[in-house]
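Note that chain A is present in both complexes that follow, paired respectively with chain B and with chain C.
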Partner chain A sequence: MTSAFGTVLTSLIRHRGVTGCMVVGEQDGIIVDSSLQIGVNGTAFAALTASLYRRARRSAAAAGFGETGFFELDAEHGRVCAAGRNDLVLVVVAGERVNVGLVRVEMLKALEVLS
Partner chain B sequence: MVTDDVRALSEALAADPSSVVFVQLGEALRRRGQVELAHRVAARGLERHPQRPDAHDLVARIAIDRGDFARARAEWETVLTLAPGHPGAQKGLGFLCFQQGELDEAARYLGAALAAAPGDASLAAALDTVRAATSDAWRAPSGRASAIGGAPAGTALAAPAAPAPPFAPEPADARTLFADVLGDATRTALLLDRDGYVMAGQHVGADGRDAGADIGAQLSGVSDEADRAMRHLGLGRWRQIVFEAEAASVAMAPGGDGVLLVTAPRAVPLGFVRRLLERSLERAHRWLERGT
Partner chain C sequence: MKFSVAENWVEAPLKQFVDEARVQLAVLLHPSGQVLGQFGFARSVDVMTACALSAAIHASAGELGRLVEGKPFTGLHYAGKARQLFLAQVPIAAGSLVLLAVFDDESSLGVVQLFFREFCAAMRAAAPASAASPPALAGDFERELNRNLAVMFGRA
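On to the complex of A and B.
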């Protein structure tokens, strides 16, 4: 990783249970930079999570709740977290045993890098 | 459009800091969900214009959004001192008193507000609710106003906070189904069907209006998007979505054929919001199973 996001991604991927993390364009869902374990379909996670985050952000704004920060989806076999700024979304893919509170704190700190 | 309004109002205020345009700007920001910014604008304006009732009224409404009910009450009482009979302050105090179980006071304020604005259907419904609740509370063995478990049909009011009795029957009115689970009128729950229509719950804003249908329609699309994503990600079915917006934390989970949606002020810890979602989900499932 040689981009400005390398440090953030390296730090996030080290968390227990995290299997992938990416910086993704919010509008196009294309990966800008990533750190993924083997077997994680980064392209699909990037596109679909960016779309989901975008939908949540727009819906929350339309509902009068203002801008969206942290987003988390909890599923039967894992979790996806996202936090965005400046048309970029930081996406973390994790298993069920991840400490999501810790990941959230780190993601919110990492948003400064996206700025 | 709203952004343009805010920009124009901000520029007008910057050009003339003593202008009363801060009232419009604060309200515009509040409606956009930028509550803290609205609070700063209103507080600064109030310092310059302490005798303006509309400034105190604005601060009161922002205080409601921030969950600072004591400040809201104080500000609205100031409004009534400066402008006796101010309908906004009477209405606000009426809702606030109801929420805190002060039913006689609520009826007095709402009655006065309705006399000033007889065409306001939300006030009429609210006053009916308060009168019905007063009657129920009087009949209840404890005689305490806070014994009310929920408001009857047609109300625009949120139920006052009250601890749930262990085997309390669920309220007959779908709108107050989650009132005792949530425990605070600033937290809301909506059970939406697959089309995004509200089946149960309500989302009452500071103006007393039930915005549940609007909120539900906007946010139900998120669950549709999640359903679509789950088909491709290999994570199984989604169980919960939680996200933090500027003015509220939102949590949702599949419920019935649709989705259950819980919102709470940002001051409420995210873990507690998830707990509220789980408890509301249990309530929704029981309610749906009974076919109420």
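On to the complex of A and C.
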């Protein structure tokens, strides 16, 4: 990986249970940089998660809750987490075994890189 | 919103694409400019204009691609201030068609591209063998175009 996000992505993908992490454009849902395990459909995750994150942000703003800090989708067999800044969204795709707390802290720290 | 098709087999894939990708306007056409289906247009003259312009842009992009890369460009995206345009080739067994989609910030390029891939797969499965071979003959073109528009806008 040669982009500015390489270090962040390498650090996130090493967490147990994480199967993919991406930096995605919030407005277009296109991958800027990614680290994905084989079998993870990155483009689909990127497009749909960016769309969800954008809507979550708008919902929070409409409800008067202010900025969205961290977004987590908890499904039967895994999780999708997203956190964004400056029109970029950091997306992490993980299985059931992931330590969400640790990943969350790491993602929030990584947001500095997106600034 | 108005949804209409000139060929029944394009209805299900096009409707699904419009619903899932949340586009505001969509037109499916032959590369010659013959319309096969549309969503979001209220007047046939607008569909006719969109088809003519899309066919011209698609042909120009194809030739430009041949010059630059030795093969035609198959997709185009233009981001306006409030609306965006996505124009791409839909390969089917008998050739190819062209899809024009217009969307705003209710959707995104990534989402449109994602569901466009599914649309292409659905079109390949649904297309009859002779689907892309038709018109483009100058003598028949206008009559065929008017027939399709009449079918879609209820004047057949």
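As a working rule, the second predicted complex is superposed on the first by the 115 of 115 C-alpha atoms of A that agree within 3 Å, B and C clash if a C-alpha of one lies under 4 Å from a C-alpha of the other, contacts with A are read in each partner's own complex, and residues count from 1 in each chain.
As a working rule, a residue touches a chain if its C-beta (ideal position, glycine included) is under 8 Å from a C-beta of that chain, and two chains touch if they have at least 3 such contacts.
Fair warning: this is a prediction, and the values are worked out from it, not measured in the lab.
**Q** Specify the outcome, clash or fit, for chain B and chain C once both structures are aligned onto chain A.
**A** fit
**Q** Now for A:T7: first (chain B), second (chain C), both, or neither, which partner does it touch?
**A** neither
**Q** Using the superposition on chain A described above, determine whether A:G29 touches chain B (first), chain C (second), both, or neither.
**A** In the superposition, A:G29 contacts chain C only.
**Q** Touching A:S51, do we find chain B (first), chain C (second), both, or neither?
**A** both
**Q** More residues of chain A are touched by which partner: chain B or chain C?
**A** Counting residues of chain A touched by each partner, the higher count goes to B.
**Q** Give one of first, second, both or neither to describe whether A:Q37 is in contact with chain B, with chain C, with both, or with none.
**A** A:Q37 contacts neither chain B nor chain C.
**Q** May I ask you to decide whether A:A63 touches chain B, chain C, both, or neither, giving the answer as first, second, both or neither?
**A** first
**Q** Is A:N99 touching anything from chain B or chain C once the two structures are fitted on A? First, second, both or neither.
**A** neither
**Q** With the superposition applied, I'd like the minimum CA-CA separation between chain B and chain C in Å.
**A** Superposition on chain A places chain B and chain C at a least C-alpha distance of 8 Å.
**Q** With the touch criterion stated at the top, can you tell me which chain A residues are shared between the chain B interface and the chain C interface?
**A** The answer is residues 44, 48, 51 of chain A.
**Q** Of all residues in chain A, which touch chain B in the complex?
**A** For chain A paired with chain B, touching residues are 41, 44-45, 48-49, 51-52, 55-56, 59-78, 80, 101, 104.
**Q** Which of the residues in chain A come into contact with chain C in the complex?
**A** Residues of chain A touching chain C: 24-25, 27-30, 43-44, 46-48, 50-51, 54.
**Q** Quick check on the complex: what are the chain C residues that touch chain A?
**A** 79, 105, 107-111, 113-114
**Q** Over in the complex, which chain B residues touch chain A? Could you list them?
**A** Touch list, chain B to chain A: 31-34, 211, 214-215, 218-219, 221-222, 225-226, 228-230, 232-248, 250, 263, 270-271.
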